[in-house]
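The structures come next, written out as C-alpha cells.
Okay, so chain A shows up in both of these, paired with chain B first and chain C after.
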Partner chain A sequence: MNFRTFTQRIQRMAIALSLVLVATSVLAAPATYRLHVDGLACPFCAYGIEKKLNAIEGVELLETNIKEGTVIVTMKDGAALDKATAKKAVKEAGFTLNGFERVAPGDGQRDGAHKQ
Partner chain B sequence: MTMIKGHTVLKILGSIVISVVVLAAAGCIAFAPSAKEPGYEFVKAWGEKGSGPGQFSDPTGIAVANGEVFVADSRNGRIQVFDLDGNFKRQFGRPGKDPGELGRPMNLTVHDGELYVPEYFNDRIQVFGPDGTSKRIIGSSGSGPGQFSAPGGVAVGQNGKLYVADFYGQRVQELKPDGAFIRQWGTTGRTSHEVGSFYYPTDVALDHKGNIYMADGYGNRIQVFDAHGNFLRKWGGPLARGIWGPFNGWFKTVTSIAFGPEGNLFAADFYNDRVQKFTPDGTFLTSFGRKGVGPGQFDHTIAVAIAQDGTVFVADFLNNRIQKWWPKR
Partner chain C sequence: MRHLHIPALALVLLAAAISGLREAHAAPETFNTALPVGRGDFVFREQFLYIKASDDPSPADRTLEVLGSISVLGYGATSDLALFGVLPYLDKELDLTTPGGQRMTRSTNGIGDASLFARYTVFQKDLPGRNFRIAPFLGLKLPTGDDDDRDGFGRLPQPLQLGSGSWDPFGGVVATYQTLDYQVDAQLSYKANTKANGFEFGDEFQFDASLQYRLWPRELGAGVPGFLYGVIETNLLHQAKNKISGTNDPNSGSTKLFLSPGLQYVTKRWILEAIVQLPVVQDLNGMALKDDYSVRAGFRVNF
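What follows is the complex of A and B.
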C-alpha cells in the first residue's frame, strides 16, 4: 500500500463515519411532522385541532401556523405519529387532513407559527 | 339540419344559464337589505403581537363594563384589562388548568361585576372577580348534561342562569347558577341546519326580555328563542339554512354577538372582516369594516362588545389588536 492509497482509505473512512454520525443524530432527534389543514384561520377551528392533537399520546409540542394552514407536531423521544391517527384527530376537529409529511426537526418553524 | 339543431340546443342552454344567473343575482339582492343607519367611524386601535402588557397573541373575546375593557388574550392564557381609551390597567391568568389559570379563554361576559370566562381547552366556565380573583368553576369535560366540549361563549340571565355555547357539543345549554343542567337546544355532538340545531355554536346573548340569541357559528345564522325555550326567529342568508356570503345580513362564520344600549344586536362576521348591526327582530341596520391592516381595517373580526354610550370595541384577531368605533352622528 502506497501513501496515496492509504490517504484515500482514511478519507473514505472519515466520510463513512460522518454519514453514520449524521444519520444517528437524525434518528435520535424527536420525530416531527407537518400537517396541512384548510380553514385554520378561525381559532375555533385551530384550537380544536390543537386540542385533539394534544390528546394523542406522545405529542410533545404543537406549532400552528394559522396563515399557512399548517400544524407542526413534535413527538416525545421514541414516539411516532402515523397518518391514520393524525387524520382521525383532524377529522374529529371537523376538518380534513390535506397533507402529512415527516420533516426535519426545526423545519416548518416560520414566522407566524404559534408554539404551545 | 344537425347543425341547426345543435345551434338551437346551444341557444336554449345559453338562455337557461343566463336565466339562472339573473335569478341567483335577484335572489341575492332580495336577501341583501340596504343599510338603514349612517354607520360607524373608526376612532383608534391598540395592541400588537406579543406577550407584554398591551400586546396580544390571539385576542379572541371582549367585554366592556364599568368603564373597563376586558380582553381574552387567548394564546397568552390571560385576561387583560384596559380603560376605554386602550390604556393598560392590569392582567390576570396564565396558561394552565388550575383555578386562576386559563386554557384558551373565549367570548367574555360581565354580569353583576363578575367576569365569566369560557375556556375552550379546559371545558369549563371560570368566574373571576374584577380584580382577577378566581371565584368558582362551572362544568367539566364531556358530553353529559352540564359538561362541555370546547365552550365558546356564555350569557348570564338576571336570575343567574347560564346559557353556554358548547362548540363541539353542537348545543346551547341552559344551566342553573351552580351549573346544574336545566335543558339544551341542539342534539349533542350532531350538526344540523334545522331549527334549534347547530353547526358549531360560538356565542350566546340575552335581550332585556330574557330572549336567548344564539350565534350558530358555521351555520352562518342567528337563532332566537324565548325564555321558555320556544323558537322565535332566525336570520343569516337565504332562509337561514347555513349559506354563507358577503351581502348585508349574510354571514361567513359568526363568532360573537352582543347587545348595545339601545337593544340592537351586533355580530362579529369573522371571514367577512366586519361587524354587522341588527334590530332584535333581525332587520339589518348597518355594518362596518373591511379587510386590511390599516386604521379601521380588520384581519378577521372575532369578538364585539358595546359600551353604555354606544362605543363599539372589536377584537381584530389576526392583527392582534383592539379597535374602537363610534356611531356617525
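What follows is the complex of A and C.
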C-alpha cells in the first residue's frame, strides 16, 4: 500500500465514521410531534388537553401554543406516539385533533414548555 | 354571619387588583357553560355571595341579607357527559319592624338545598381557535337544607328557611361560542318547584346570557398566558307566585332583569372571578322585597 492509497482509506473511514455519528445522534434524539387541536381557545381548556396527553406512556415534555392551537409533544428516548393515541387523548379532553405530524428535534416552541 | 365577609371581600379586592395590571375575561359567573369537563377530570368551583334586598313597601320595613358560599363539583363521566353537584352554605338575616313598632332580627345559617344535575353535549363544532357547543341539562334539587328552623319568635317564615323541604326537578339548555378573543354563553332553564310543609314556591323560568372579552394580554404570544376577561352578564328571572296551602300568595312572584359587570382571570389550573349583579327591572307583586344588589366572587380549580 502506497502513501496515497493509505490517505484515501483514512479519508473514507473518517467520512463513514462521521455519517455513523450523525445518524446515531439523529436516531437518539427523542421523537417530537406537533398536534393541531381544534377548539382550543382558553387556558383552562389547555390544562385538560395537557393532562390527557401527559397520561400517555412515554411523554416527556408538552409545549402548548394557544394562539396557534398546537401542542408539541416530546417523547422520552425510545418512545413514540401514534396518531390514534393522540386523537383519543384530545377527544377525551373534549376537543378535536385536526393534525398530527412528526417534527425535527428542536422545531417545537420553547415558550410555555410544560415539563411532566 | 359576618365571618364570610372577609374571604368574599378579599376575593373581590384580589380580582380588582389583578384587573389593575392592565384594563381588566372564560365561563359565565352567574350560570353554567357548555364547555367540556374532560373524561375522568374534576372541576371545583367555590363562589361566595352576598345578597341584599330591602326597599320594602310594607310598614315592616324589611331588610334581607344573605351571605353564602356555593360549592360546585363537576366530573367528566365522558367528554360529552358531565355530572355536577352543588352544595350551598347560607347565612340569612331578616330585619323587620313588628306591628308594635319594635325592630327585630330573625336569622339562620347552615347547609342549604343541594342540587345534582347532568349535562350532555349534543352538538359540538371545533375549529382552529374557536368552538361551539350546545348542551342540555337535567337535575334535581334535594331537600338537604333545614326547612323547619325556629328562633325565639317561633318557626321562621318559609322563604327564610335554609331549605324548601321539596324535591324540585329542573332542566334547560346551555350554548357556548368561544374564540381566543371572546366567549358568549346563553342558557334557558326551568325549575318546577313542588310542595312541602303546605308551601310551594312558584316555578322559575330563567334566561341568562354572558359575554366575556379578553382584555389582557391584548396580543397573544407563544405558550399559554393567563387571560384577563371583562365580563358582562344578564339574567332574566320570572318566578310564579308561591302557594300557601294551595292558595296563591299575592305578595310573591316576580319578573326581574339583572345586568352584571364582572372580571375573570383564567389560567390553566385556576380561575379567579368576581361580579356584581344589579337589578335593572323588578316587577314585583304585592309587598315583595326588592333586590338591591348581589356580589359573587370565587374561584375554580381544574384537577
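Rule of thumb we're sticking to: the second predicted complex is superposed on the first by the 92 of 116 C-alpha atoms of A that agree within 3 Å, B and C clash if a C-alpha of one lies under 4 Å from a C-alpha of the other, contacts with A are read in each partner's own complex, and residues count from 1 in each chain.
As a convention for this text, a contact is a pair of C-beta atoms (placed from the backbone, for glycine too) under 8 Å apart; a residue touches a chain by one contact, two chains touch by 3 or more.
Bear in mind that the values here come from a model prediction, so they are computed numbers and not experimental data.
In the superposition on chain A, A:Ala86 makes contact with neither chain B nor chain C. If you count the residues of chain A touched by chain B and by chain C, you find the higher number for C.
Shared-chain residue A:Val73: touches no atom of chain B or chain C.
After overlaying the two complexes on the shared chain, residue contacts for A:Thr96 are found with chain C alone; chain B is out of touch. Of the two partner chains, both chain B and chain C are touched by A:Gly48. When the shared chain is aligned, chain C comes close enough to touch A:His36, but chain B does not.
Of the two partner chains, neither chain B nor chain C is touched by A:Leu62. Applying the stated touch rule to the two superposed structures, the overlap between the chain B and chain C interfaces on chain A comprises residues 41-44, 47-48, 51, 66-67, 94. Against chain A, in their complex, chain C makes its touches with residues 26-27, 35-41, 76, 79-80, 121, 124, 126-131, 178-180, 183, 220-227, 266-269, 271, 300, 302.
Residues 36, 38-52, 63-69, 91-96, 98, 109-112 of chain A are the ones that touch chain C when the two sit in their complex.
Within the complex formed with chain B, the chain A residues making contact are 41-44, 47-48, 51, 66-67, 94, 114, 116.
Only residues 57-58, 60, 74-75, 95, 104, 120-121, 150, 152, 167-168, 200, 202, 217, 253, 255, 270-271, 300, 302, 317-318 of chain B touch chain A when the two sit together in their complex.
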